[in-house]
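Note that the chains are named A, B, C, D, E, F, G and H in the order they appear, and that numbering of residues resets to 1 at the start of each chain.
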Amino acid sequence: MHPSELRALLQQVASGATDTAEAERRLIEALRAQPFADLGFARVDHHRTFRHGFPEVVLGLGKTPEQIAAIAAEIVSRGSTLLVTRATPDAFEAVKRAVPEALYHPDARVITFQQRDVTAGAGQILIVAAGTSDLPVAEEAARTAELMGNAIDRLYDVGVAGLHRLLVELPRLDAARVIIVVAGMEGALPSVVAGLVAVPVIAVPTSIGYGASFGGIAALLGMLNSCASGVAVVNIDNGFGAANIASLINHL
Amino acid sequence: MHPSELRALLQQVASGATDTAEAERRLIEALRAQPFADLGFARVDHHRTFRHGFPEVVLGLGKTPEQIAAIAAEIVSRGSTLLVTRATPDAFEAVKRAVPEALYHPDARVITFQQRDVTAGAGQILIVAAGTSDLPVAEEAARTAELMGNAIDRLYDVGVAGLHRLLVELPRLDAARVIIVVAGMEGALPSVVAGLVAVPVIAVPTSIGYGASFGGIAALLGMLNSCASGVAVVNIDNGFGAANIASLINHL
Amino acid sequence: MHPSELRALLQQVASGATDTAEAERRLIEALRAQPFADLGFARVDHHRTFRHGFPEVVLGLGKTPEQIAAIAAEIVSRGSTLLVTRATPDAFEAVKRAVPEALYHPDARVITFQQRDVTAGAGQILIVAAGTSDLPVAEEAARTAELMGNAIDRLYDVGVAGLHRLLVELPRLDAARVIIVVAGMEGALPSVVAGLVAVPVIAVPTSIGYGASFGGIAALLGMLNSCASGVAVVNIDNGFGAANIASLINHL
Amino acid sequence: MHPSELRALLQQVASGATDTAEAERRLIEALRAQPFADLGFARVDHHRTFRHGFPEVVLGLGKTPEQIAAIAAEIVSRGSTLLVTRATPDAFEAVKRAVPEALYHPDARVITFQQRDVTAGAGQILIVAAGTSDLPVAEEAARTAELMGNAIDRLYDVGVAGLHRLLVELPRLDAARVIIVVAGMEGALPSVVAGLVAVPVIAVPTSIGYGASFGGIAALLGMLNSCASGVAVVNIDNGFGAANIASLINHL
Amino acid sequence: MHPSELRALLQQVASGATDTAEAERRLIEALRAQPFADLGFARVDHHRTFRHGFPEVVLGLGKTPEQIAAIAAEIVSRGSTLLVTRATPDAFEAVKRAVPEALYHPDARVITFQQRDVTAGAGQILIVAAGTSDLPVAEEAARTAELMGNAIDRLYDVGVAGLHRLLVELPRLDAARVIIVVAGMEGALPSVVAGLVAVPVIAVPTSIGYGASFGGIAALLGMLNSCASGVAVVNIDNGFGAANIASLINHL
Amino acid sequence: MHPSELRALLQQVASGATDTAEAERRLIEALRAQPFADLGFARVDHHRTFRHGFPEVVLGLGKTPEQIAAIAAEIVSRGSTLLVTRATPDAFEAVKRAVPEALYHPDARVITFQQRDVTAGAGQILIVAAGTSDLPVAEEAARTAELMGNAIDRLYDVGVAGLHRLLVELPRLDAARVIIVVAGMEGALPSVVAGLVAVPVIAVPTSIGYGASFGGIAALLGMLNSCASGVAVVNIDNGFGAANIASLINHL
Amino acid sequence: MHPSELRALLQQVASGATDTAEAERRLIEALRAQPFADLGFARVDHHRTFRHGFPEVVLGLGKTPEQIAAIAAEIVSRGSTLLVTRATPDAFEAVKRAVPEALYHPDARVITFQQRDVTAGAGQILIVAAGTSDLPVAEEAARTAELMGNAIDRLYDVGVAGLHRLLVELPRLDAARVIIVVAGMEGALPSVVAGLVAVPVIAVPTSIGYGASFGGIAALLGMLNSCASGVAVVNIDNGFGAANIASLINHL
Amino acid sequence: MHPSELRALLQQVASGATDTAEAERRLIEALRAQPFADLGFARVDHHRTFRHGFPEVVLGLGKTPEQIAAIAAEIVSRGSTLLVTRATPDAFEAVKRAVPEALYHPDARVITFQQRDVTAGAGQILIVAAGTSDLPVAEEAARTAELMGNAIDRLYDVGVAGLHRLLVELPRLDAARVIIVVAGMEGALPSVVAGLVAVPVIAVPTSIGYGASFGGIAALLGMLNSCASGVAVVNIDNGFGAANIASLINHL
């Protein structure tokens, strides 16, 4: 039973549309249900929405297409919105057989199926990307944030080597309630953005770069050591994680 | 001219308490002022409050007591609240001569002087610390958040080796609008906390530990790789940084 | 001559079923045998069972299928139980030609052939895995522990982001004599498990994760720095090694 | 109420020495007690003995002498055995004022006070050290294991550069139920020891060495990559941790 | 014989002020001289000016005051300009006894004695520092560049968190022929500066920062991965090295 | 409008070839134009030539062939010289369809199309490579430097293991205004070269080597720690970056 | 002219078989020849035998088959013995076309062609390998040492987990003049071997292992920190380098 | 009984100076003696000279002065030459009380006492140091090599930034049978030296340098990746280890 179903039931009781006996019966049934479904290889956490505001998300990495499809079917069967990240086309083929309405976004490598269990965030989340090569991570953040009920805006290829490309967009920076900044190489963009605004900045280092970028370590360290305040960092290439905390903030 | 002074002036004009000529004179004077004060060794950023909601904070590390005191005097002279982090007792001696009202909090290693330029945050920030040894960092976060206008709550020594110490405090977790989790060693506490709540968690790795904790790297990596969603990370021992972004979130 | 054969021979002498001359002849023959078989590219250690309680195990990594098959044949020819870890399907094809009774477990990447030289352990070994992606390592541990004569139980996908999935299984935790905990990402699960039980926990970091998980370093460091006591750690992805020491403990 | 007190109470009820009303009263009182004592800066976990078989141990690192003394007094007040690790002489001075019976072992840097709540282990734990410089860590392990109720034996300065010093001691290796091997530099000793015995080996890397030993990383990696089976590893210099899991094994 | 002496001699011959016999005698004497002076513990390279345009510079690190003084005396005795970097006050005491005209610059930790063997550079070298804490490194660069014959300008505390402090100084950026940018923490300033100018930028990472700045590694990696072109990097805290190559460029 | 077009226009006005009204019209049109072209996935920086002396260069890494071709077409359409680095043959196929005159240099992995907007440098840039395996990086530097208007010379396979191969080429070292030194393995060549000349040396570490070369880290560290002065370093394998700063120096 | 040709010529002069005029002519011709052959992409060092006792060796890594073949032909044309390491089958195909007598050793990945310019070493070089997986590196060492004129012996799969396999071979250890020890994983074997003998031990770490072996770093650190004396280390997997210095020692 | 005593005894028997009964008595006594002396905290290895050609050496690091003195006394009592490395003045004070003839060499941080049990090496060992700051390590090597019976030569401050300082010393390079090269910073000197000679080069990285030298890692990696052949490496700052293997080579 999703929080929204619970709320609806109580309103029906209050309005007399449902009598208390029926409500009691349905509530007991819900309380009896295990808080997770045990598939053997996975325990799908059906209380996640209660505790965290959004259903369990499936990380596609390291799971077989069959495992992903089975978990996806379980999630959707409870009326929950589906999000699979790091999904390959093969994984999508398997999921589509189990959940025909699922969509695939190859630019973001995510599978989605929106249901009615998501509430809208208060403001806009702006996703800023330093370079064209950072787009897959930026898009993972954008698709995730959107699915979680947030209005989003995108501002791409505004790296610090050509500051004017960013400075002409100050109004869009000011319009955001939370800003996700995605950058590889030296990862300097979050520092510059955070120096210009008064909202939280979630920084995502990407593995873009070569040589001494060391798969994103340079950008990660740059962001952790940001001389600007108001910046917190998620894992390398973790567009999903950035969108998740940004959405929590935007739902406060 | 602080944003609050600006607002007050405009209200006085609207109410007729100040005439437009006087208002014009004071606004021109403000606009003429340089956006920073150049002390030679430092350029104190007096527009920080406009852009960022809180005046420039002084990082005590690597500055001489004399430099710190000069910067502090400059900040206070503009009516801004003073915060010096990583401050030694020597630095406080120098600051006190320049700003007699300044206070020193040795547990948090910060110097503060509260003025009237700070607005109150919307909810409560909870600071959770895994162990007794993490207190200096937790206190830096607590003092910073408090000075920035936030109500705070403290929950200390609730590491994951004795989960019941944390689980009995679920109501306090639920009461927070943002949670700062401070932990050294394996840094597992933010994952556990984030799995229990639906608000953003700002994780602060500390350099507490020995051997393969490598000055906080183990905790930092643990937090960046958190399997729970809703976590973002700041630099090792950076209690100030965590409080800063938490305050931005709490002021949304 | 396996320890069990030696014991049997001495009992036959004691009961008179075998006379001392015959026993002497067979013992001298055994003592004359070299303690290892030199295949040129490998020296198969036939005294391992005497010293260590289980015959030499073949690490498949970096050996050709032909080398693996030759070593396997040598081991089996002495009546020893066969275990090949990190075995590819190609390696199994080669082994099957030399040892037709050998079995392949693709989920665990091991080749096994059980003979009668293994004794039973005293209690049960529980294998706990944090996520679905950790299963290959968990299964390597499970198959190894089983082959070494231990009763095993499996508890999979109980990561710390949804603690209730673990807490409902306390009875199974309490039923174990040794617990192997397999986890990637931040590797926090061993700390939580060890905080709940009074038996030794063998922690296995996996290379599951991305970005700053650095191929398992994050999980490894997390486990080494566990704030819970009663945890010791083996190499990244080393399910075999964890099962081996767990089996030694369970045979005490 | 310690497990031993609980057992005694039930035996008194069974024998009639205590009536059920009194037993009920005392049990309710015990159940009412919080499972931990909140000192503000620390939450002393009084259920540790129930869950883990030994009371909470105090890590001296990063705590003030006053904090350590307060925690020590709390532990001792419940009849629990006291162990403070990484204790400085200053910390001992403070503890002695609160717990006059406490002892200090400078070679091991631990403070101890043995009470009657500890049960005896089944066999002997052997502590092996590679060099004279590893003694502080070896002694921390030895004192901890002893306090936890285990018979111990010590075998020091038997590094692999002079194998005969180790090989003449095979009978003492064979006499142990668990072996703790402490080594710095290349950390090769656990591999050699584990190749000679059939009991679990707990390896402790030490920070002894210079240059590319990197504060114990070389020894740690050596032990994690041991080609011998039956080895698990604890954190660098973590003699306490090794003794703790060794004691759990020896109490099975 | 310095290049300037050689040039003067040849001009005297051309003008008749010196006859060829005398010139020949002096040139032969110069050619006979060893290209270095062997002090046992050091071989002072007296051909450095010929090959490199500036005499050998003494790195004070790891040398005793007596060794530094002896080398300094040797250099000065040949008419060469003296520069000792990383010099302690003790080293200066020793040098002053041998070279009474030597000066000490404690802010830059250098000892200098200017002689007439240095030629003037073509333009101005600008030294930009991100924060007040970077001043010792910036001053080492400034003093070195000055001693090598370059006009210099200083622009301090213009970190990227307050871009306007830098952007108001574009004319000073444009006036430079080479720019040295000194920064710690995330090391983003060289990228921003290089994006604004068309002259070479020499980036100097400093060890300023804490936590995951790792003694300057974060800044170093940030600079090596700069997304702006026209940046090359020297060692952490190596203000001298930056000034040296900047001076070579400014002398082209 | 390129700087050269601007100069030409002003000269025409001065000579009367263009009247001021027409000049005014064209200048206003130029000023109205956005300083960049927004392609959605990229913002092509058309002011780069004004600020930096050379148009924006396209890093091929991490972009699709279609994205590269679109950016290339945009650059060429403004009369700018085209340089795409790290270009695959596939990328060239796409670019050739959009810019038929483009050339591909497979040895250097760059796509080029020279237009008339580049000015000539003052002297010669010498590219020195330690070994045959370093040629791809050396050629990237050579092609870049050439396209940017510099005369170049190549000196390949002169590693320090056979010094005479380098020492016979001193005249070519002396003829250069800037030297780029490309080396993998221990990266010692820049130190030796810088010890022989009085011009700036730009060092490029390559990822050539094996084992403990760690993908170029050994060479990078070697170059950063060069005991010779006059060396600055760019990122591993970054032939383009070295050529870029060398060209800026050569254009002073 | 090889040293052996030079010696022969002088002996002919001494014996009168060649007159001094002819000898002078041939010597002048030899002295006139460049000390290297410039192939454009490579400078083949023909003086290597004079300086180093063995002709230049070709590292196959990072060179095209055509480049390798051209260098090989140049070396062989001067009568020098050919050794190409890290050679692929493709490289051998190309070399065979240029040097039909060349041989390929796939187990060692080397191409060889023995000529008469190599002198014999004084004693025997023993190559010891810890495991079967270390054989490719061990064979690279064996083939190299053999080609350089040394008698060799092989002792494979004698890792420290089964010491008796090594201890039965003490006579072969004692028979060696130099010992090369090849080991992956924890790299403990060189310490044990060096503790048993009085000859130099050259240790070669291999990249064999998994998890925290980090491509050979664990073994490398283990060997550098060897507690046994008489050990020096070469690069990871560098069988060639070990054989080279071993051969120099054996030729003393 | 030292090997030299054994030899002397047998010669006396052969010459009749000692009768066989007496010789037998003394040999039995020697064989009965334990091969090591157990001091509790240390097992002094008295067979080291037999196995390794030189008595056990005491590493001073991590031992108390009392422990060092006791071990020293034990070694000297058997007629063995004493060498204590990394010895502090305090350690020397303690040793002098036990072994009055012992000498202290503060430049090399070693304590020595030469007895008659050392044989002379065949040739000369040359110790080359790159800079004045490397002298402590170079002197540790020099004193060790001398004590082990080798003729030595020293060549200091010949770093690659001024090659002529080295090239004028080719005759001294050619005169050596083994060369030890000590260098910090980029560690390039061993490559250059090994390219000039045909004898084995033992490279010692030192921790001299700053910034990205990382305590000697830069030099260590440089030496491991040497492009010159004939180089093997010992641990950072390990002058003793280099001298030890150099002495073994020189005694062949």
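Some observations on this one:
Going forward, a residue touches a chain if its C-beta (ideal position, glycine included) is under 8 Å from a C-beta of that chain, and two chains touch if they have at least 3 such contacts.
Just so you know, these numbers come straight off a predicted model, no measurement behind them.
The chains in contact with subunit E and with subunit H alike are F.
Counting only chains that touch, the fewest steps needed to get from subunit B to subunit G is 2. Taking the options F-H, A-E or B-E in turn, the interface that duplicates E-H in more than half of its contact pairs by residue number is B-E. Look at the CA centroids: the one farthest from the centroid of subunit F belongs to D.
Counting C-beta pairs in contact, the pair that comes out ahead of the other among F-H and B-E is F-H.
Of all chains, the one whose mean C-alpha position sits at the greatest distance from that of subunit C is E. Taking the mean of the C-alpha atoms as each chain's centre, subunit A and subunit B sit 27 Å apart. Subunit A and subunit G have CA centres that are 56 Å apart. Look at where the CA atoms of subunit F average out and do the same for subunit G: the two points lie 40 Å apart. Shown for subunit D are the residues in touch with two or more other chains, namely 131, 161-162, 195-196, 211-213, 217, 220, 224-225, 229, 235-236.
Chain pairs that touch one another are A-B, A-C, A-E, A-F, B-C, B-D, B-E, C-D, C-G, D-G, D-H, E-F, E-H, F-G, F-H, G-H. The touching residues of subunit D, counted against subunit H in their complex, run 131-133, 135, 156-158, 161-162, 164-165, 208, 210-213.
Put simply, subunit B touches subunit C in their complex at residues 130-131, 159-163, 185-188, 191-192, 194-196, 209, 211-214, 217-219, 221-229. Subunit H makes touch with subunit D in their complex at residues 35-36, 40-43, 45, 47-48, 56, 59, 61-63, 67, 71, 86, 205, 207, 216-217, 220, 235-238.
Residues 51-53, 57, 122-123, 177, 195-202, 220, 224-225, 229-236, 240-242, 244-245, 248-249, 252 of subunit E are the ones touching subunit F in the complex.
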